[in-house]
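Okay, handing you the structure first.
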Amino acid sequence: MARETYENRISEILGSILRLGKVVSEALKQSVEQLSRRDLEGAALLIERDEEINRMRFQIEEDCLTLIATQQPVATDLRKIASVLEIATELERIGDYAKGIARLNIFIGQKPLLKPLVDIPRMCERARGMLEKAVEAFVREDAAAARAIPEQDQLIDELYKVVQRDLIFFILKDPGSIDPAMALLWVAHNLERSGDRVENICERVIFTVTGEQVDLG
Amino acid sequence: MEETTGACRLRTIGYKLWYGDFCALHETTLDIPSNRITAIIGPSGCGKSTFIRTFNRMNELIPGVRVAGEVLLDGQDIFRLDVVELRRLVGMVFQKPNPFPKTIFDNVAYGPRAHGLRDRNRLAEIVEKSLRSAALWDEVKDDLSKSGLALSGGQQQRLCIARTLAVEPEVILMDEPASALDPIATLKIEELLQTLKKDYTIVIVTHNMQQAARVSDFTAFFMTDENRSGHLIEYGPTSRVFTNPREKTTEDYISGRFS
Amino acid sequence: MNAPGSGRSNLGSRRLMQRIAFSLVWAAGSLSVLILLIVVGYIVAKGLSSITWQFITTPPRGGISGEGGISTTIVATLYLVVLTVGIATPLGVGAGIYLVEYAEAMARKSRIIRAVVSTARFGVETLAGVPSIIFGLFGYALFVSSMHLGFSLLAAGLAGACLILPVVIRTTEEALKAVPVSYRNGSLALGATRWQTTQKVVLPAAIPGIMTGIVLSVGRIVSETAIFYVTLGGSYRMPTSLLSGGRTMALHVYYLAMETRAFDKAMGTAAILVISIIIINAVINLFSRKLSARIGA
């Protein structure tokens, strides 16, 4: 007996998580690109589209609760469902960070950026790479991959420090630049936080596979 | 076992059981902690009922049964104890409610009377106390002279629990006590177990894994091998066994992937 | 099986079969009851004319015309019933309890006991089918002659007890086996001994079944002739001790029918016999219900 009904349901849910991961990663990418090219209309659209991410997350949550109520998963099954619930939340938060970047974009408005973006797009790329790998590791139940991912977060942290230093330099030089500089600092902060969220996802992957509660941060 | 906390009431050491030449239960070493509920789970024929019947030596009523190894109750070898005394200390509730065709009062008073108590006032006290402990008193206090068979299935099972409590055992064995009951009666029994464990050590065999997960503190999982002999596969705190079992077989069984 | 639709097509014939079968068993049932009623009715109707208070209360006076009543035969029958049941019940019930409650557990441990038990079972089965006259001959040889009891209530009672013993043992066994194992397990698990379990739980539950066996036996004693012909003699005097001979009602019917011209009196006695068997059954049934309730308490 393989519990086909259960297996089908859970693979549907895993498919939803993969999709949510893609959508969130795309939103992150869009938000930073829009910032680079000062695309305010796109930013407004992205803020609206965050609703879709929220909906996807609620749908996943509902599916999980239904599965728990009707199929009474235990052991690995139960850990997986619990992790799905948490990962969906983490992804939704990363979606909120993308939305936050779009808001900062609108806040900066028509003014030009203090400097062309170099490190922020790199941070964004890193964060997205980690995110997609983490979600894949979850679906594949690959604890080793999940353990390797947080290393990449260090680079994001370093880039964050570089961005901080650069922006503080601008502020010291011209106190009038404090608002746009702070906005960019927040953008970098959101990206750095996204990396931390991905680490949480990696922790859930390890928990699902081994039952071990680890702190990778 | 490393996880059992507190005093251990029952202990088997290398316990084995045969029906004739057939080894029904392989070497089993297990500590059952006092004032806890220990659930025995596993597929049909895995030896879980046989295992639980060890503790009050009910297996001896079956022809051709042979045992090896040690079984200790509070450190004493149960095979050296007088069987009548052992069964007073280790009570049992069966799968199907089996009240005697007697009045409710006489059902509960049966054990104490068998052990020589004649004083009517003392008996009345014991009957009331036992029925209260079994959460049945309020439902039957006005017709104690009604036949035990006139009660509903769930009430009958609580009557059987009261009957067991009346001889003041230390351990209560329960062989699928709720499998013949409806969900509400089952829930009542499960709630009752939680209050009883304050005073008794409870070992329960159940087919219903959710029930084991709900009621027990420790879970032992038994499984048959290719010769249909029973083996103890895993034993530990219920919370761990049901969230993170150590053995693949346990995982497969409790998550319903057992073939 | 047929598709759901096709069941309808033969519904008519299935109904018909059902009706035919039902009519047949109904007819068989009512015919049996009718035959019984005719037999009993015929006897009672024929006999009723000769039944008077005087007929019941005066002793027979013998002779070719069958003078007198039947008082001494009623008394002899009662004595004999009490005696046989009194001897056979403790023995038979005890043996039944041993065979069901103890022997099996013991037989597991010892091959000799196993052999004894299976021989005993076989013996009981066989004896239950032996014609009563064989018991009579045995009783005559052992009790009447060898033990010098003569034609007496005691000899007849012992022989009668032998006759009904297999019935009592078998019905006791059946009754005990019909008591659910769960009762025994429940009692043993409470720390009751095997004897306490038997006495307090198993026997009370088995009493109605055991009583059925005793009722059957009483009926047998009341209606037997051959066995008592050779152990009780045929004296129609009032029995005064265990060593007195006597004549039961059934024997009296036999004597009247075969050796006198008083066929009406034979019928009268037969009617009383039938009526008393009905009464005995009713009384013992009532008694067993009471007893079972009392022991069970």
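Each chain carries a letter (A, B and C) given by its place in the written order, and its residues are counted from 1.
In this text, a contact is a pair of C-beta atoms (placed from the backbone, for glycine too) under 8 Å apart; a residue touches a chain by one contact, two chains touch by 3 or more.
In this text, all values refer to a predicted model and were calculated from it rather than measured experimentally.
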Checklist line | Shortest chain-hopping distance from chain A out to chain C | finding: 2
Check: Ranking chain pairs by contacts, what comes out on top?
Finding: B-C
Note to self: With centres defined by CA atoms only, which chain is the most remote from chain C?
What the structure shows: A
Checklist line | Middle chain, criterion being Cα centroid separation | finding: B
Check: When the C-alpha atoms of chain A and chain C are each averaged to a single point, how far apart are the two points in Å?
Finding: 92
Checklist line | Centre distance in Å when chain A and chain B are each reduced to the mean of their C-alpha atoms | finding: 51
Check: Approximately how many whole Å separate the CA-defined centres of chain B and chain C?
Finding: 45
Margin query: Considering only the defined contacts, which chain B positions touch chain C in the complex?
Written below: 56, 58, 61, 63-64, 84-88, 91-92, 94, 96, 98-103, 106, 110-111, 113-115, 160, 163-164, 167
Check: Any idea which chain C residues touch chain B in the complex?
Finding: 105, 108, 180, 182-183, 185-193, 196, 200-201, 204-205, 296-297
Next item on the list: Write out the stretch or stretches of chain A touching chain B in their complex.
Entry: 1-3, 6, 72-79, 211
Notebook entry, point to check: Within the complex, which stretch of chain B touches chain A?
Noted result: 209-210, 213, 242-245, 250-251, 254-259
